[in-house]
Amino acid sequence: MSTEAASTLPAARLFPAEERLVEHFRNLKPDLPDDESGRLRRDAAIARIERDGLPNRRVEEWKYTDLRTLLREAAAPAPRPDARVAETARADARVLAELEAVRIDFVNGHLVAAGDAPAGVTILPLARALEESHPALADFDAVEVARGNALIDLNTAFLGDGVIVHVSAGRQAGAPLHLRLVNRGEAPFATAVRVLVIVEKGAALTIAESHEGDVAAQPNTLVEFVLGDGAKVEHVRINAEAAGALALSTVTAMLGAESNFRSVNLVAGGSASRHQVFLAYGGENAHATVAGVTVISGEEHADTTLVVDHAVPGGESRELFKTVIDGDATGVFQGKIIVRQDAQKTDGRMMSAALLVSPGATMNNKPELEIWADDVQCAHGATCGELDEELLFYLKARGLPQAEAAALLLQAFVGEALELVSDETMREAMNALAVKRLENRS
Amino acid sequence: MPAVQETIEHVRTLDVDQYKYGFETHLEVDKAPKGLNEDIVRLISAKKDEPAWMTEWRLDALRRWVTMREPTWARVNYPPIDYQELHYYAAPKMNAAPKSLDEVDPEILRTYEKLGIPLREQEILAGVEPSRRVAVDAVFDSVSVVTTFKEELAKAGVIFCPISEAIREHPELVKKYLGTVVPVSDNYFATLNSAVFTDGSFVYVPEGVRCPMELSTYFRINERNTGQFERTLIIADKGSYVSYLEGCTAPARDENQLHAAVVELIALDDAEIKYSTVQNWYPGDAEGKGGVYNFVTKRGDCRGKNSKISWTQVETGSAITWKYPSCILRGDNSRGEFYSIAISNGFQQVDSGTKMIHLGRNSTSRIISKGIAAGRSENTYRGLVSAHRRASGARNFTNCDSLLIGDRCGAHTVPYIESKNASAIFEHEATTSKISDDQLFYCLQRGLDGEEAIALIVNGFVRDVLQQLPMEFAVEAQKLISISLEGSVG
Amino acid sequence: MIEIKNLVVEIEGNRILNGLDLTVNDGEVAAIMGPNGSGKSTLSYVIAGKEDYEVLDGEILLDGQNILELEANERAQSGVFLAFQYPLEIPGVATMSFLKAILNAQLKARGEAELSTPDFLRRVRGAADKLQIDQDMLKRALNVGFSGGEKKRMEILQMALLEPRFCILDETDSGLDIDALRIVSEGVNALRDGKRSFLVITHYQRLLNHIVPDTVHVMSKGRIVRSGGKELALELEASGYADYETEAA
């Protein structure tokens, strides 16, 4: 609601970020054999960025995270790594190493290996899907409220590689899938991976996504879910990027009737990040749980932006986000619940809680409700503050030193959101990463 | 307690879709030609007999305004306003400033009588406890027609007069404070107001004085195609207290009327200002035709330590409301409060809320907002709570509830919560709900009809805010709430 | 006198009442007992005029006038009072304000003058004292934060104030401890005046020790399957409802 906005409108001229991106696009020799529509999509996306410029703080949805500034040093897309680099990267990947899963490995944004798909599941490299003009491509961009989003446009324009995962009707994928995205190198580079996950009627899938590396990469990942009626998806995402990385990510989900979608994100790496979730209720009585834990310090910046679009009756959504901010770091949470006119009996609850543990920390919360139907129950809450002095005192009175007492409370604070991960191995791995981040702070 | 019943009584006696303040007063009027330019600004300044520094201040504002663009971020839609098609000055013809009520045009007096605003001090005195007396500044279109109880207030050292008079009589105070809370180029509408404001109230409460009565201003837009641009400036000096009430109405007209006010409050050390508004501008007819565009900048500056500013608003009128009464909590231990009831029905659009800007240590704020949307209206709460680095120990609690009646209206909540201080604790909660069928049935089973039941439940929903209003205003507000919701149940 | 004739009611396509007949004479206290799901609460809602129910057939006559065409508030004004099994909470509305609003609405509907505030207060206090409802409770928002027992006493208080012609008590004993049960029952018994009729809906016989009925009706699968005197309640207490659930099937 900045009143200054009155006098200034976004300028149409290109800034260094846009100039670089346009140049990178011109130099782009896509490894992927785009079909005609693929090429058109790329061209349209870059044209929008050229025309409108990258979003900056004058654009409402980017008020707290200035993409134009973040991408001032926009890096060129990473070339496909040679086999030796890819092998080393895969062997060294540590996040969720203990998880028994079908692994789909990307190195520097390029698909390098995929395990055997479990029964009822097909894993199709995006390159092949594009070559064949695979019918599944029609499920791209299913979620309307996500269209026109700058990160999605950038992903579309620079799309490097990806997979399409398909789970047949009624099948329960026997093992979880694990998308491992590892970045290796010396100099910064950008990646744009797109994953489409189609879970047909009554089918179920657990899928993990881990991001790690040793380079200040600029990944921009788009994972789209399409859930059939009664389908069930559990998704976790772990950002354990190297220091200096700029992690951009989007998850969208189109929910069929009575489907159940759960997604938990952990920000435990990188220097700056923006994680977007767009949910759309396509069928009645679907349920979604979206949660996130962010632990940041130093000069880091982490943005979580969520839009939940209830368009049909009976949808339920639960969102819980926890942010711990140390040093001079900045946390951002923007969450919007939209309930359209037909979405009667919607039940939506959203909570964002932040703890500021140093004098230089900043938290920006923007929890929105946009309601058009009368018979609904919607609530959102947001808190920010420091650790509860009384609780600290209580623990100290029981003999715990200050630091341990604080650590215990912080773990409990983030644990509440991580508890929503039902796979035990994943939950514990995420907990361990969060705890390590909390210990390393200051 | 009996007020609820009174509400219900009131509803019963009214025709549906009746804005009871919609009548027009026919007067001879002195009007500036249509349009806005430097000449018009000079004309207004001359009409007000203003010193040169004020004319320059206005011209400066106009020059800035022409470079600005109308804001578009609020969730309101309206056709473009042609600012050259409005009259920026309209005043009932009077030979000179009236010395007493006897010199005021009887038509105007009758208008205020019809509106239920007491302008004769002796009438006010009759049978009323002295402590409940209210001093009134009546602003009719562009001029203040009368200010009551001036002498008595002067005895206590309180200055309460039209701002045009203050500019002439108390230039040192006006110069010192005007534009210090809402800078000239703060926003499009505030800048416009700075250029063309015509009248409004000025209040100065000296150090250590508790204002002996409630002060109030009653705004009435009467003339066709005029904008009303009032400017209010209230200064509570150290250790003083003042409670100020504001009421607004306008005739029912097919065309839209523009109202762009600026209100500045300044509370010095240990001072307290309580500002209450019942805004009931003409909302337009059942088809959404006509109504007032209400673009208002209200801001209070808790400049001194331990100062307190409290805004209470009941917004039931206007076709469009764009209004964010705010507090800058500059002083250590200062406190800001915002209590709001915003009701929209028909085709009304409300985008309202507050800003609580915590700069001082241990500053606290509280926001209670109750939005009720019915008909095809849009009702948005937009609010900012921020803590700056220095604001250690800042506290905010925000509760923002919306109630929807029917499924063709919208209720939205857009809070911005920004903290740069670890020891600041902010809590925000918001809910959206409807009147449950079971609640309604329960009331019907006891013999209340549909509208009575809704009025009762809605009055319960807004009770926390109503309690913040002075007694007479609370009763008036309750009636308004019921009237505003008429026709909302099928 | 209230006469219910061949009442057939559905909700969302499910038939709940299936040709129910029942007459309650002036001054009579009729008890309806029956297993869960037999349609007891539906009957009370349909008499009171809740909208969710679809009446497919039959009529409900109050002193000869068919009330099915009336709105819920009009039925209330003509003397039907339902003491809810789960009284609703109305946040922000002080109990006293609510009582005044409903009493005046009804007086007005009957063409009677409204009570002056002192008269109103006297009347509420008198009724409240009998039900051991203290002044503090009357200042609180209606039913908000009230215990189960307090809510039920508040229902009886409203009943006493409104002086209805026909009172329906829907599972009024549920959630009451023995003391509260006694207070509530005494409140109801005090309203028995030989003219006012009562329909007492209960699952257990216990309440009928306190509010002694003139007639007892057993309901199953949406109709009255057996009627008798107060001894029938004791019999049911001993034998249970098992017979009726199969009998009517």
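Per-chain residue numbering starts at 1, and chain names A, B and C are given in the order in which the chains are listed.
Convention: a residue touches a chain if its C-beta (ideal position, glycine included) is under 8 Å from a C-beta of that chain, and two chains touch if they have at least 3 such contacts.
In this text the structure is predicted, and so the values were computed from the model without any measurement.
**Q** Can you name the chain whose C-alpha mean lies closest to the mean of all the C-alpha atoms?
**A** Closest to the centre of all protein C-alpha atoms: chain B.
**Q** Can you pull out the chain pair that has more C-beta pairs in contact than any other?
**A** Greatest count of contact pairs is found between chains A-B.
**Q** I'd like the Å distance between the centres of chain A and chain B, where a centre is the mean of that chain's Cα atoms.
**A** 44
**Q** As a quick test, compute the distance in whole Å between the mean CA positions of chain A and chain C.
**A** Result: the chain centres lie 56 Å from each other.
**Q** State, to the nearest whole Å, the distance from the C-alpha centre of chain B to the C-alpha centre of chain C.
**A** Using C-alpha averages as centres, the distance is 48 Å.
**Q** Could you list, by residue number, the parts of chain B that touch chain A in their complex?
**A** 67-71, 73-74, 185-188, 324, 353, 355, 382, 384, 389, 402, 404-434
**Q** Looking at the complex, which residues from chain B come into contact with chain C?
**A** 1-2, 4-5, 8, 436-439, 441-450, 452-453, 456-457, 459-464
**Q** For chain C, which residues are in contact with chain B within the complex?
**A** 48-52, 71-73, 75-77, 80-82, 84, 87-94, 96-98, 100-102, 104-106, 109, 117, 141, 158, 162
**Q** Can you name the residues of chain A that touch chain B in the complex?
**A** 1-3, 5-7, 9, 60, 63, 339, 341, 344, 354, 356-359, 361-386
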